[in-house]
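Each of the two complexes below includes chain A, the first together with chain B, the second together with chain C.
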Partner chain A sequence: MEVLLQVLIGGILLGGLYALVAFGLSLIYGVVRILNFAHGTLLAVSGVLASLAYSGWQMHPVLIVALLAPLLFVCAYGYYHVLLRPLARRSHFEATVGTVLVTVGTLMILSDLTAVAAGATQRNIPLRLEALEFGDIVVSTTQLLILLGIAVLTVVMHLILKRTWFGRAVRAVTQDPVGAQICGVQSTRMKALTFAFGSATVAIAAVLYVLSFPVDPYMGFGLTVKAFTIIVVGGVGNLPGALLAGIFLGVAEGLTGLYWKPEWAPALSVILMLLMLVAYPKGVGAKT
Partner chain B sequence: MKKLSHLLAAGAAALTTGLTALPTQAAQGSCSEPIVFGTTISETGPFSTLADRWRKMTEVFAEEVNKSGGIAVKACNKKLPLKFVVYDDQSVPATAVALFEKMATVDKVDFFVGPDWSSLGGPVPPVAEKHKIPMVMANVATPSVYDRGLKYVWGTPFPVVPNWSVRYFDMLSKVSPKPQTIFFITHDNPVMKGITATWSKKAEAQGLKVLGNETFSSELKDFTALIAKVRAAKADVIYISSYDNASVPLVQQMRQLKVRAMDVHHTMLTGALSRQVGKDIEGMTGELSWYPGVKGAYSDLVETVMKRSDVSMFDYIWTLSRLTSYLAMIQGIEKAGVVDREKVKEALFKATIKSPAGDVTFDERGFPNTSAFTVQMSGGKVNVVWPPEVSTAKLVWPSPSWK
Partner chain C sequence: MSKSLNAGTGWLLGAAGVAALASLPFLGNAYLTTIGFTMLIAYILGQSWDWVAGEMGYVNLGHYCFYGIGAYAFAILLVGHWPLWVAIGFAVVVTALAALLISVPLFRLHGDYFAFATLALLPLVEVLAYNLTPITNGADGIVLPVAQVLQPAYLIALGVCVLTFVVTLRINASRFGYALKSIRNDEQVAETVGVRIAPVKRSVLMLSAAFGAAAGAVQAWQMSYIDPATVFGLNVALVPVAMVLFAGSGLRWGPLVGVLVLATLQQWLLVSVKGFQATLYGLIVLLIGRFMPGGFLRARWVQNVPLLRALAREHHEYMGESDTGTPAAAPAHDLPLPRHRNLGGAPLIQLEQVRMQFGGNVAVNDVSLRIQPGEIVGLIGPNGSGKTTLFNCISRVYTPTAGRVLFAGQDLKHCSRDQIARLGVGRTYQIPRPFGDLTVQENIAIPLMFNDQPLSPRDAMREARAFIEYAELGHRLRERADSLSVQEKKALEFARALACKPRLLLVDEVASGLTPAEVQRFVEHIRHVRDRYGMTVIWVEHIFSALEKVVDRVIALEQGSLIADGPLAEVVRNERVLSTYLGSAAPTEKAGGQGC
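Right after this comes the complex of A and B.
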């Protein structure tokens, strides 16, 4: 029983992180309609940068987020305008294939450049707080704080989307780009801002991730697949749904390791995604 | 004009004949030329982090050997200087094959040393066999590589799988309190699985009860489920059979989740692991082929070479295998007493050669019997703790950091 509880707690903590990775991707796909295959790699590379900042200059993780998030925002804004926006003028087929090529190419270039510059070995932020023990169950205080941070961030992002002009504009573009344009929302600018905002959330996810698990330049694609799974299960643009789906995935991976074999846990997300696509093509909690 | 064309034709024929008749080897038996070893090093590519300082180390090795005159050749009644031809194989098997072919036919080296890694050790030996050039490979530890009836190939990997933890299990049988149970955690990799398969059987034969064996993939980042099983088993010894990089999150999460044991043993306790997990490595035991301070044949030479080339054994744990491949070839030549490939081949067959870590004996396949010392991390330093006669520090048992 203690073992099962331990695994469930671990799964919830891990799932929270997965959900955070999926938030930005979900937002980007919901508004910009681009499957950003480089999203997970952006997290991996940001995680490497965060680890270097921590080990090299002893920067506090909050400060690292404060520096990384605007940096990613600016870079992603420029990236969208230079590489992705021109594809919108192409036919639907060419634009779809083009975005896949651009984002997959970015994934490969980012990974290789980071590996050359910082090495391909795993890195993390070894900030360790005393764990809590309840009999045979041990709960990492660091991961509990991370989960709390994720919950707060989910609420904040949810409020931004529901209560602010930016959020309303984002939702308007998602639902009806032409109608939003007529009402004065510049859909192209909103798409660029959403792409930049979704990418900036990666900075937060990256720092929280490297506080718990190591990252390396080549691990990003696996995270992207997990994030896609969460979007498929939780529904596009549904942040609370993404959080629940993330926790579901994290717990499922933990139980796979417990009752079957740990080496099968990474493959589980793909199997889940396929099953969910067959059973619920629009997602369990799909929102438009 | 006709005369001229005849002359040209004769010249061309002579040139062609001369080229095709050129010997594919150096002047064997010469007492006036240096002895040339040809090798490749993975200076770039995925294995480069393990070997990127070895070119400098190889140059320094030759300098140090030549300081005392070189390699003693009885037939010449003098020592001949040692020279290396070194290329970067880029960690790519096809590149390594092409470079060894080039060294045999263009550079005309006398003998081959290296290469490293089983992926290169598979395709490269046929080049040595084709040109009948004796080759002592370095870090090629897979036994099946040697099971192909090779006549000109030997290897000096430290340690080989059947001897990997021989000294550690000897230690377990002699420590007090004596451990009763063991739990294996295995990286999903053929070499690591081979180590677990070998040593779980030997553990049982030694009276240790094996409580479990969990396998994990390189991609796994969350080890909670695996660690929960390990914690529930309450084993006295936890044996991690893994490459260093893959086990970083495992070690960190074992600390976070307060795993307790008499000892946590890692088959690759390296500088890279230490740098990545920091203090979490404290108290762990592991294997190291040799460590400066442990005296043996050629240990002074090896220490000097490593110091001059700024190679740390803890950071470059495969260094002894590489240097021993050079030492083995030198001893083969000295035993043969002549710079003759066939004679050197005969001298190396089932030979016993000297190394800083003790005698290395080749079986009829050219496979060695190398083993490793048991080390323990203590106060941020790596110490040899077993066998006691060569230890650089006393074993701390049970490990206080895993209480």
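Right after this comes the complex of A and C.
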């Protein structure tokens, strides 16, 4: 029973982190209509950077986020303008294969450079706070803090989407790009900003991730697959849906490990995604 | 004469090239042979990928799965001491079946979703290969019996390679190829002109998988060792795709040129650069995606280089060649259409309480009507009154929420779009939807290839000319349809609907936005196809002066409901119709002021 509970908590934690990765990807897909295959790799690389910053310069995780998020924002903004935006002018087929190749190329470059520079080993931030004990169940304070972080981030993202001008514009473009443009939303600017914003959220997700799970330069694509599964299940642009779907996936993976074999866990998301796509080709909770 | 001579020279050159390639492994240079082998495999993979992508427009990023599954299936049988050919055959069959299985979920998806789902197959299959240890030997991989097989492997690969090229030529000269091209352009329109798309999509994926598997099997034989990372790794999976895109996807010579150039570059990099291999691959992939996703052969400067220009020809440029001269012998007003005698009696099309509901919005509200064979009926109503939706219910673009549609006495409930098209329902779209990257001639030829009496592409191309002359598009015969003006596109749209050889023609605002002379031409055409071929026509139009000249009666819709049915002169005096159109002071609650 205790094992089961521990696995459940771990699953919720992992699923929450998956959901954070999915938030950014979902926003980007909704507005820019680009599947960023390098999204998960960005998290892996950011995680490695964060872990290096922690072990090398003893930086506080919060400080790492404060530095990393703006850095990613700026890089992603430039990346979008230089590499992705010009493709929008091409025919549909060319734009699709073009963005796939650009983002997959980025994925390969990021992984390889990080592996060469920092080694292909697994890293994390070994921040260990005192554990809390509830009877037989031991919950680490780190885990609780991460859960809190996930919850706060979800609420903040939700508020940004619902209450700010930027968030309304994001939702408007997700629903109807032309309509939004007619109402004065500058679509090119919005796309670049959303791409940058969505990538910057990866910084937070990455630091939370390395606090509890190890990262390595090559794990990113697996994360992208999971994030995409979550979007498909939860609906594009639907954050609460993504959070639920993420937790579902995380718990399901944990249970697979517990009752069957942990090495099958990575296959779960792909199979789940394919099943979902068969049942609901347009997403289950497709709304904004 | 000169054409057949050219074709003969082409075959001779090809045979000489293949013979030269076949002699490569006997020159004694194992290094060169290995490079040649790598290129052959890359071509098979790239070209078979392009059948799905370049021809059909579906970006299958998981094509490498087929290669890997083929490699594993082959290796498992070979280790089990089965003969070589059995192992290769097994690999091909197993992989094609896997493709059949996976096509069920995959083809529910389009565009980006399809691309992503296929890419996600790679990690899935990799996990399977790692974990199904009893079959795949897990991470240890499979070691094949040691043997010096480079020469025979090379020759087999060359054979498959030649076969790949021949299949590519065959596809492009066949109805199957045109089904793929119509799917690439617009699936819905493809269906409404009679193409049954589901089996086509399935078969092309299986064909592509079979060739990918053959490549995997031969490569596994040559390498004599496989493990999950080498056959399913993301790093290697996109290289053949990048090669095809680099030169030009969908071109006859594109995959070949791309493989030659990039594989050479790859060899050079392998030799001269140490470290950062993956970064370099990634950079190449990225740059191709950023600067030439359409292929460098499609760049403008290529047209100035004679050799490259020859390589840059689109498939349909070869098709056009076989149909030179022989201008349409028949007079322009004689179309190759069957003549229906309409002796009255049973209605041709009958709607019973047809209802179309989108959520809470009732677009078509329990409409019942019957139209006799040979009638021309005008369908009027303000914007948003459900006219086009009604057409969509008949041609099964939408499935009606309730009610029955009977065509020539047959309930269309269980018919698919293509069946309805072949039964004899042709339609135009309000905003013309030609197959943009095909020529005017091909646009017309496609419905002729997928009729009840299907024509071969060659015959269809010839017959298409009559329709093109009729639509006065003769001078644009070989132009891409997306280069036409709006008027020309409308004429093409109408001609394509006629080429479906329909008994019922649904015409959706074909005359709006045209000059009076052009409107008059459509009026004459509609009258002509009825008088001469006995076609029944439903014409959605706002131009009453045009309707007046040709319709037998008019049906008026308002907010999805039928509000009037009768001769035009009567209907335009109907109070409800007047109030709907003009918002008169008549005591009707809904006054939508849409002018006509």
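Here, the second predicted complex is superposed on the first by the 285 of 288 C-alpha atoms of A that agree within 3 Å, B and C clash if a C-alpha of one lies under 4 Å from a C-alpha of the other, contacts with A are read in each partner's own complex, and residues count from 1 in each chain.
Heads up, the rule we're going with is that a contact is a pair of C-beta atoms (placed from the backbone, for glycine too) under 8 Å apart; a residue touches a chain by one contact, two chains touch by 3 or more.
Worth saying up front: this structure is predicted, and the values here are computed from it rather than measured.
J.: Label the relationship between chain B and chain C on chain A in the superposed model as either fit or clash.
T.: Chain B/chain C on chain A - fit side by side.
J.: Considering only touches as defined above, state whether A:Ile271 meets chain B (first), chain C (second), both or neither.
T.: A:Ile271: touches chain C, not chain B.
J.: When the two structures are overlaid on chain A, which partner does A:Phe213 contact: first (chain B), second (chain C), both, or neither?
T.: first
J.: Of the two partner chains, chain B (first) and chain C (second), which one does A:Val104 touch, if any: first, second, both, or neither?
T.: Touch status of A:Val104: second partner only.
J.: Quick one: classify A:Lys261 as touching chain B (first), chain C (second), both or neither.
T.: A:Lys261 contacts both chain B and chain C.
J.: If you stack the two complexes on chain A, which partner ends up touching A:Leu144: first (chain B), second (chain C), both, or neither?
T.: neither
J.: Contact-wise, after the overlay, does A:Leu83 reach chain B, chain C, both or neither (first, second, both, neither)?
T.: A:Leu83 sits against chain C, while chain B stays out of touch.
J.: Counting residues of chain A touched by each partner, does chain B or chain C come out ahead?
T.: On the superposition, C touches more of the residues of chain A.
J.: In the overlaid three-chain picture, which partner chain does A:Ser91 touch, first (chain B) or second (chain C), both, or neither?
T.: So A:Ser91 only meets chain C here.
J.: Output check: A:Leu67 vs chain B and chain C. Expected answer is one of first, second, both, neither. What do you get?
T.: It touches nothing on chain B or chain C.
J.: In the overlaid three-chain picture, which partner chain does A:Gln6 touch, first (chain B) or second (chain C), both, or neither?
T.: Only chain B is touched by A:Gln6; chain C is not.
J.: Between chain B and chain C, what opening angle does the Cα centre of chain A see in the overlaid model, nearest 10 degrees?
T.: 100
J.: In whole Å, what is the nearest CA distance you get between chain B and chain C after the fit?
T.: Superposed on chain A, the two chains' closest C-alpha atoms are separated by 6 Å.
J.: Identify the overlap between the chain B-contacting and the chain C-contacting residues of chain A.
T.: Common interface on chain A, chain B vs chain C: 222, 261, 263, 266.
J.: Can you check the complex and tell me which residues of chain B touch chain A?
T.: Touching chain A from chain B are residues 46, 49, 188, 214-217, 219-226, 228-229, 231-232, 245, 248-249, 252, 255-258, 272, 276-278, 280.
J.: Under the touch definition given earlier, write down the residues of chain A that touch chain C in their complex.
T.: Going by the criterion above, the answer is residues 29, 33, 35, 37, 83, 86-87, 90-109, 111-113, 116, 221-222, 225, 228, 232, 261, 263-264, 266-267, 270-271, 273-275, 277-278, 281.
J.: Can you check the complex and tell me which residues of chain A touch chain B?
T.: Listed in rising order, the residues are 2-3, 6-7, 9-11, 14, 119-124, 126, 128, 131, 133, 136, 138, 140, 142, 213-214, 219, 222, 250, 253-258, 261-263, 265-266.
J.: Any idea which chain C residues touch chain A in the complex?
T.: Spelled out, the residues of chain C in touch with chain A are 53, 57, 59, 61, 104-105, 108-109, 111-113, 115-117, 119-121, 123-124, 127-128, 130-131, 184, 234-235, 238, 241-242, 245, 249, 275-279, 281-290, 293-294.
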